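Every chain is named by a letter (A, B and C) in the order it is written, and numbering of its residues begins at 1.
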Amino acid sequence: MAEELALEEVLNESPVRRSGRRRRPSLWRTVVFLFAGLYFLLPIYAGMKFTLQDIHGHFSFGAITSLPHVAGFADAFWLSMRLAGATLVIEAILVVPTAIYVHLRLPRLRRLFEFITILPIVFPPIVLILGLTRAAPLWIRASPYMLSAEYVILSLPFVYRSLDAGLSAIDLKTLTEAARSLGGNWVKTVWRVILPNLRPALLSALVLSMALVLGEYTMASLDLWTTIPVWIVQFQQGSNGHIQIAASMMGLIVTWVLLTVIVSIDRTEARRRKATKAAL
Amino acid sequence: MFRAIFPGIAVAPFLIYTFLGLGVPVIAVVINAFHSQTGKFTTANIKLVTTGIYRLGMYNSIKLSLITAIIPGVLGVFLAYAIHTSRSSWLRRLTTTASGVLANFGGVNLTFMFIATLGSTGVLTAWLAAVHLNPWNHGFSLYSFYGVAFVYLYFQIPLMVLVITPALGGLRPAWREAAQNMGASNWRYWRYVGVPVLLPSVLGGMLLLFGSSFAAYATAQSLTTGIIALAPIQIGNLLDGNVISNEVNVGFAIALGMLVVLTVTMVCYGLVRRRASKWLR
Amino acid sequence: MTQMKETTVTSSASTTTPAGAGVDLVGLVRSYGRVRALDGFSLTIKPGEFIALLGPSGCGKTTALRVLAGFERPDGGRVIVDGADLSNVSAQKRDMGMVFQSYSLFPNMNALHNVAFGLRMRRQSSRDRNTKARELLDLVGLSDQAQKYPHQMSGGQQQRVALARALAIEPRVLLLDEPLSALDAKVRAELRDQIRSLQQRLAITTVFVTHDQEEALSMADRVCVMSQGHIEQTATPAELYARPATAFVAQFVGVSSRVPVTVTAGQADVFGQSVAARGADAHSVGVALDALLRPEELAVMVDPAGKGFVTHKSFFGATTRLIVQVEEVPVRVDVRSDLVADMALGTRVDVKVVTPDVLVAPRMAAPTEA
């Protein structure tokens, strides 16, 4: 029995499980990864290099450490964080329950929701903000949180889809019915059963939202709010752009740290799942 | 309790919210495109955007979007396939999450990273200059139309990888083996089965890329500070007050034009997706 | 569902000149990491024979088939077809037709083009291959579905098209990898008969992999029972059932009850009755043994002083299966339904062996029910 399971696991590891020949690293794949690696990693390296250098080209943390003290950065940082927080709150209240509900009760509408939630990818933020300058009443425009409200929509493609994928991966219906039959009410079921199983997807959604909010420039700049990206562009002081790059890379570093957290959580989840399966 | 009334009512808040967030600006755009600043109904705005620099802007935008849909589209398919058929599962998981983040990359951060790489004092520029291949001396400029396109690849390729990976997962190994069994070589499998089955998804992905590129503003703006004539940039200039026009609502007319293009794109996308899902169930 | 063309079959063996090839699998070895999928697997298949590879998941039957097809390279051993060593020949050049478990039809082609695909790969003209494809669709009873796409067809129809596709290239060996497992029971039974009659008519050497013993026993000329990468027994269905060579075969094919017995000088003591013992351990000394008894090898008689009592009754139509508890051991016995219609649970009975000998095998830790 253990051997059958072992065989199953080995066969299920890679999508090309049943190949005739042993998989040698093929030439074309190496070439593809080489060029992809170069294109995607080089700019990051360049960014880090400029961040960790001072004006004379020597290694220095100066650009990073001086950031909090540079005029306006702290305020911009704080604003971006508040916007991110507001966005996450709205998503938690609105998007997560909806995703669960659609999966559970309205499976036939899933296609419609897939379509709705992919629209924001192609919806120009510039058009959004343009429309809002005329359509939004002044008291809404006076608050930066109007941006948060729109950010929720802009991040839908990634957030909703991440949740959707996570919900599809767990057997939502069975889990829910089991929990309910054992006496759990809806709140408890969601909180203790569904959400813990969605941890990787939720974290993914969180990281993607934050990445979007911290990097959004179009709407913030034209609505005249100084978030981090807006501040970066406005900041023009003769330091060869080191400060600006440092601020840019900060966002990237934070995102990457969060990502590693997700991947490692995901890996422990996968290991736990495998162990449960083997024990059965 | 409330659920008894109508199953859909629970998703009403979400739908209302989305409608407000997207629909209200759209309505504002449509209305203002057909009205002058003084509130009179007019088609002058529309007429203005179909001529001169605004027409050029729209043309450039479409051209840029086509280039940055097709090229990254093809490259993305190859990259996705390389990832998908790789043996190491950690690589696949890593690239899935990485694609999600990269596809979402903010314009400003990306701009500065590329300036650090390929700007006149960039890292790569310095390396290439050392071997007398400095691109700036050979007519390259990061701040040009094609420079912008090159930068766009950074979030367009991951977007394609994200979109096409599930489709690649839908390619059943049984098809390839059956084709082999029937005497087909690798090449012939792709030609008769693989590519035809993937084509709707690839087209769908490219349509999505087109839309995403068309809608992008921040990268181009921060890279070229509004010099290049692109439709979103032009709207930004009008909003900024950098450009004064006789008809203040011209921006809305441009926006309307953009919405039309995007609607056509999404309709095509919907049709293509339906075909894809039938085959790749 | 339309029927395939009926053929009258007088015997289970092929009566036409065999068109298929003779297959020799010699000493195949294949490992995946630590797992040995094939452990020195050797089998000779006669031309035109229908052989079934039967066994539980993970026994290596599918691996053996895929090695034969060329989708897997064995770590050791050879594949010989019609005297030619195909071990280094790629799958696409082996001229074998394979039917997969499910969803193997190309989704972007209709039934006709699917069936004609193999002929297209052999560069036949469009007219020739379409004619041949139509013939084969007719053979499997689906000529009216020629223009339909796979997603428009039922599972049973798809598998019939897959079968037509495999046969179109006139393969020397036909390979079937659990083709019926994904289908409904009713469809499965119909398709089973149709595949078998088609195979007999065309007399193609056929290897059929399944974990369902009913399928294997009812369709095959010979059945090869596998477990953990090696062969337990290869024999005709009748022989396999009546005279299982090992405990595994006895318990996997059909139903049997394990009863601890003592064996002296080739005679087993089963519930006080002395019966000849057979099997590899029939004459072993000092080994604890079980007898493996089939339900039809036993009979029950009502006896108030009997050693056993009835704990269970299952009605199967013509026969009823009783479970009788004898000295703490549950034993399955099949009896004619009308004879025990009124038998109540708890009735005291005696159990007797009615065959001349019983299979014995090394004892397992606790008496198991097969």
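To be clear about the criterion, a contact is a pair of C-beta atoms (placed from the backbone, for glycine too) under 8 Å apart; a residue touches a chain by one contact, two chains touch by 3 or more.
As the structure is a prediction and not an experimental result, all values here were calculated from the model.
Asker: Using the mean of all protein Cα atoms as the middle point, what chain has its own Cα mean nearest that point?
Answerer: Nearest to the common C-alpha centre lies chain A.
Asker: Count the C-beta pairs in contact for A-B and for B-C, then report the pair with the higher count.
Answerer: Counting C-beta pairs in contact for A-B and B-C gives the edge to A-B.
Asker: Taking each chain's centre as the mean of its CA atoms, how far is subunit A from subunit C in angstrom?
Answerer: Centre-to-centre distance between subunit A and subunit C: 51 Å.
Asker: Counting in whole Å, what is the centre-to-centre distance of subunit A and subunit B, each centre being its mean C-alpha position?
Answerer: Spacing between the chain centres: roughly 18 Å.
Asker: Starting from the mean Cα coordinates of subunit B and subunit C, work out the distance between those two points in Å.
Answerer: Centre-to-centre distance between subunit B and subunit C: 55 Å.
Asker: Two or more other chains in contact with one residue: find those residues in subunit A.
Answerer: Residues 18.
Asker: Residues of subunit C that touch two or more other chains: which are they?
Answerer: 70-71, 90-91
Asker: Identify all positions of subunit B at which a residue touches two or more other chains, and write them in rising order.
Answerer: 177
Asker: What residues of subunit B sit close enough to touch subunit C in their complex?
Answerer: Answer in residue numbers: 172, 174-175, 177-185, 188, 192-193, 196-197, 278-281.
Asker: Please output the residues of subunit C touching subunit B within their complex, sorted ascending.
Answerer: That would be residues 69-71, 90-93, 95-98, 100-108, 117-118, 120-122, 151, 162, 165-166, 169 of subunit C.
Asker: Please give the residue numbers of subunit B that touch subunit A in the complex, ascending.
Answerer: Answer in residue numbers: 3, 7-8, 10-11, 13-15, 17-18, 21-22, 24-29, 32, 78-79, 82, 84-87, 89, 93-94, 97-98, 100-110, 112-117, 121-124, 153-154, 157, 159, 169, 173, 177, 208, 211-212, 214-218, 221-222, 232, 235-236, 239-240, 251-252, 255, 258-259, 262, 265-266, 270.
Asker: Would you pull the subunit A residues touching subunit B in the complex into a rising list?
Answerer: Of all residues in subunit A, those touching subunit B are 13-18, 23, 28-29, 32-33, 36, 39-40, 42-47, 49-50, 94-95, 97-98, 101-102, 105-106, 109, 115-116, 118-136, 149-150, 152-153, 155-156, 158, 162, 204, 207-208, 211-212, 214-218, 222, 229, 232-233, 240-241, 244-245, 248-249, 251-252, 255, 259, 262-263, 266-267.
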